[in-house]
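Presented below are the structures under discussion, each in the form of structure tokens.
Each of the two complexes below includes chain A, the first together with chain B, the second together with chain C.
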Partner chain A sequence: MSFEKQRDEVAALCKKLLADGAVSRVVGFREGGVEGMSLPYIFTDPAGVDMLTWNSRCLPNLNGYLTGGEGNTAIVAKPCDARAVVALISEKQLRREDIHIIGLVCDGMVDANGDPLPACVECSVNCPPVYDDLIDDPDVAEKTGGEQVSNDTSLERFEAEIDKCILCFSCRQACYGCYCQTCFMDRGSPGWQPTVPGRGDKMLYHAGRTMHLAGRCVECGACENACASGVDIRYLIREVTNFVGELYDYRAGMDLDARPAMLSYAAGDREVGFLGGDGDGH
Partner chain B sequence: MSQAKAQDPAPHTREWTPRIVAFLCNWCSYAGADLAGTGRNQYPPSVRVIRVPCSGRINPIYIIKALVDGADGVMVSGCHPGDCHYLAGNFYARRRFTVLKRLLTTMGLSPDRVHFTWVSASEGARFAGVVREVTEKVAALGPSRIMKGGDMDEL
Partner chain C sequence: MAISKDVMRGFLAHLSAGRTLIGPVDTGKVIEYRKASPNEILMDDRVSYKSIKEFYFPQVERMFTFSEGEVQDHDNPAGCAIFGGKPCDLEALRVMKAVFTTGKFADPFFERRFDANLLIGVGCIAKKPGCFCDQVEVDMAFSDFCDIMLEDSGEGYNVEYLSEKGRQALNEYPPTKDVACGNTRKADPPQADALALSPAITEAGFFEAIDWAKSTETCQGCGLCSFICPTCHCFDFRDSSENGTVHRYKCWDSCIYPKFTLHASGHNPRESRAARYRQRLLHKYRYVPDNFGLTACTGCGRCVRGCPVGMDIRQVVKQVMEVQP
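Showing the complex of A and B:
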């Protein structure tokens, strides 16, 4: 593993960027979380960059820390972080010129026991598609496709997963794409969520959130990593992401110029599952 | 004639009939439903119509919420692609509904609970036909159990 080498390169680069005034903040990781997890940290002082770390426990998606502050921001970006930056730029949430992407070639993160995380096992993008500086790792071979996962679409599976959920909204907080100022689940009028939510309300939340993320998921697995109840609900968005890719040839965060799938249309879009439709439009 | 009459359920029976929420766009499908009425096209009284400005105005959450709150089925209809009053609303809606249906089936819901189609203002007979078809499909599935706090044994 050459995390140390990559770390030294990143730290030197961040120091230079901060000292030159090219950026006023660097969003990266430092040590200090529980179970060896690295913590997101905003570096503003070149001397402070000594604290910067890069290891196999840099799990969180850093995109929540990009907005706010003066001047340009640099981000120490795993491929999924970089994809999220690109997705946010194509959704007009960030401006390309404000963000300096320090992309890192990444071989996947591990959990507290040292086992690879499920999202990282499935991951097929281990080099950031867009970056300003790339910190390469010659030991990491280029991936062509991640591990395929079978998708059980039975109601039993959905019920089993949803019954574990306690509606704590950690997945929403961890997600780069959930940036609504007021989530529909938090609204009082109309009140989507009753005081005592039942199965149906959990279904509303998960289905609603998945629809909001349709064609926007960057497959970082932050939702799953943040879940305290071990809910594996990511299979919903995985299925939707694959479906959108197949139907509209779009993958979030891969191309700065591509228009997000759900914000565009074509006259000949296929009508899969429509009444009276043959599945091939008209 | 007498045979058809014998098949009709007697009025005021307590027999279960599906409750279907229908989201219809103001400009085409709602007018189509109106025409079905004016033209005396018979269709089952199972739909509860909600008029929306455009099929593009229908938040997928509305459809999920209808199912969660006890609708046996949901049907959505807008202007035919290319005929949208707001030019492109139904094009966006089409992508949304296509994805939503895939999501709902991934969750284990029967694909026959939700139906999307296009009905123009001149297609009164088609509207009646669509309602008949949707009602038949939902009736075949039986009552929905996706209730607030209830169990979802039979979706």
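Showing the complex of A and C:
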């Protein structure tokens, strides 16, 4: 199996879905970007599906394109895209019946130099947890743990990353989870957006976004892939994701029936989740 | 005069004694212009992810301070020596100079940086993926909009000066004392696939020309393209006060952001992302050409390479051109 074979299967399926009227749009990828990058594209016509592509350069998370059309939408979903769909459904942003998930078994995406993307190296979910159709690839070995990464949480590391950030908000726009109509950063009253985008204000943005993503990150890496400045702030979100995982045994986007950790409360929830610190109180 | 890259490093070391030296540096993740020592400056053909514009038009610039009824202006910035601006960057600075200093109101903040900086341009050897300078009449190897121009032969540089400032700087350093004045050359004749919009079409005509919503439907509206663009020059004023002292700042803004045109009434004349993208494109290809006779896109390709979803301004311009009479 290979990308080409999966591609042909996906294309045949998308054609059929559009021709049968099962969906009115297919969100997927086409060729044509620089440095081999595949471009997100919304297919509406079965003939147009000839342009559909599936390769190791299908980077962006496609969840930003799921709403807005008439009728049902199909998504050509990497495992992380599928997890984001599940998370959006759990958060009542999408209805399961409106979305057709064409899940692909995925061995990871690469950057312009052909090097595996950091989030893909760490990824431990190479089969979409939820799908309507699965396009398998038996050659992709099942992943178990993903690669261990540095959990240095020092202020120095944070500052070094912050100093590269130009506060363009591209990471926010790329994230499936940042769908707020008005981001806290864009609020005028109280005004969060910094007068002078200095170090402290950039920290505030990233710390704020990290907290808003607590227990919601689907580990797709779209935020860092979007960043032109080479900022790695996802490690913060990873810390919080792991913390939520340890506390509540919850991982976003894995299970349609699981209630998101931050949307549920149980009397036995551990105190450290409310009060912080390293205590182990109950 | 042809010189080796080592001599150029010597010249940069000489310059760094009196000025802040800026040049392209490989940070491991990206290439960017920053304060650098002569030895870390890249002298190969690679291109940075953002342009040199922040040394003329910083992301944040304090304009004045207001305290106890007194307005205090800020000191003139110390000049930088900027090495390695690419011809597209230099031509973009030409656009920026026109915008900031033509007409009734000149921007003193831009002007004083422009006057204080020494700009050393370096020609490109090859086009990089996404580069399209040739389609907007920019010569990849040369621009005269700088103080000193270096044409890169790979092994070394052919050096010319293009301003009195450039001549003086070279003159102070013995190995470059005899450098000659550069020609002001014309760019190559426009290519067959030149990107330009017809001045015959009205603004309303462009608004109707294509289905902007379809052509821009994958744009995420992040504004990254305008931050890394060498010609995007929109800014906002922001005030901050601490202990009774008010500082006013001039900060980058972007027409891609929904708040850019949001009125106090709540009305937004550019309600949709498509309308905002259209503004960015027409500003570059129609409004600045109309007002200043220059195209405000110099083909550097940064937005094309940088866009997280691969939006390609060339393709949208081409679509608009196809419907021209």
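Keep this in mind: the second predicted complex is superposed on the first by the 271 of 282 C-alpha atoms of A that agree within 3 Å, B and C clash if a C-alpha of one lies under 4 Å from a C-alpha of the other, contacts with A are read in each partner's own complex, and residues count from 1 in each chain.
As a working rule, a residue touches a chain if its C-beta (ideal position, glycine included) is under 8 Å from a C-beta of that chain, and two chains touch if they have at least 3 such contacts.
Bear in mind the structure is a predicted one, so any value in this text is a computation, not a measurement.
Contacts of A:Y235 after superposition: chain B is touched, whereas chain C is not reached. After overlaying the two complexes on the shared chain, residue contacts for A:F274 are found with chain B alone; chain C is out of touch. Once the two complexes are laid over each other on the shared chain, residue contacts for A:A214 go to chain B alone; chain C is not touched. By the document's definition of touching, of the two partners only chain B reaches A:L247; chain C does not. Comparing chain B with chain C, more residues of chain A are touched by B. Contact with neither chain B nor chain C is seen for A:M51 once the two complexes are overlaid on the shared chain. By the touch criterion defined above, A:V149 reaches neither chain B nor chain C.
Across the two superposed structures, the residue set of chain A contacted by chain B and also by chain C is 196-198. Listing the residues of chain A that touch chain B in their complex gives 151, 153-159, 184, 192, 194, 196-201, 203-204, 207-208, 210-211, 214-215, 235-236, 239-240, 243-244, 247-248, 261-263, 265-267, 269-277, 282. Put simply, chain B touches chain A in their complex at residues 60-61, 64-65, 68-69, 81-82, 88, 91-92, 94-109, 111, 115-117, 130, 133-134, 146-152, 155. Those residues of chain C lying in contact with chain A across their complex are 27-30, 32, 49-50, 59-60, 129-130, 217-218, 220-224, 227-228, 238-240, 247, 249, 251, 258-259, 301, 304-306, 308-310, 312, 315.
For chain A in complex with chain C, the touching residues are 32-35, 37-42, 59-60, 64-65, 112, 164, 166, 168-170, 172-174, 186, 195-198, 222, 225-226, 228-230.
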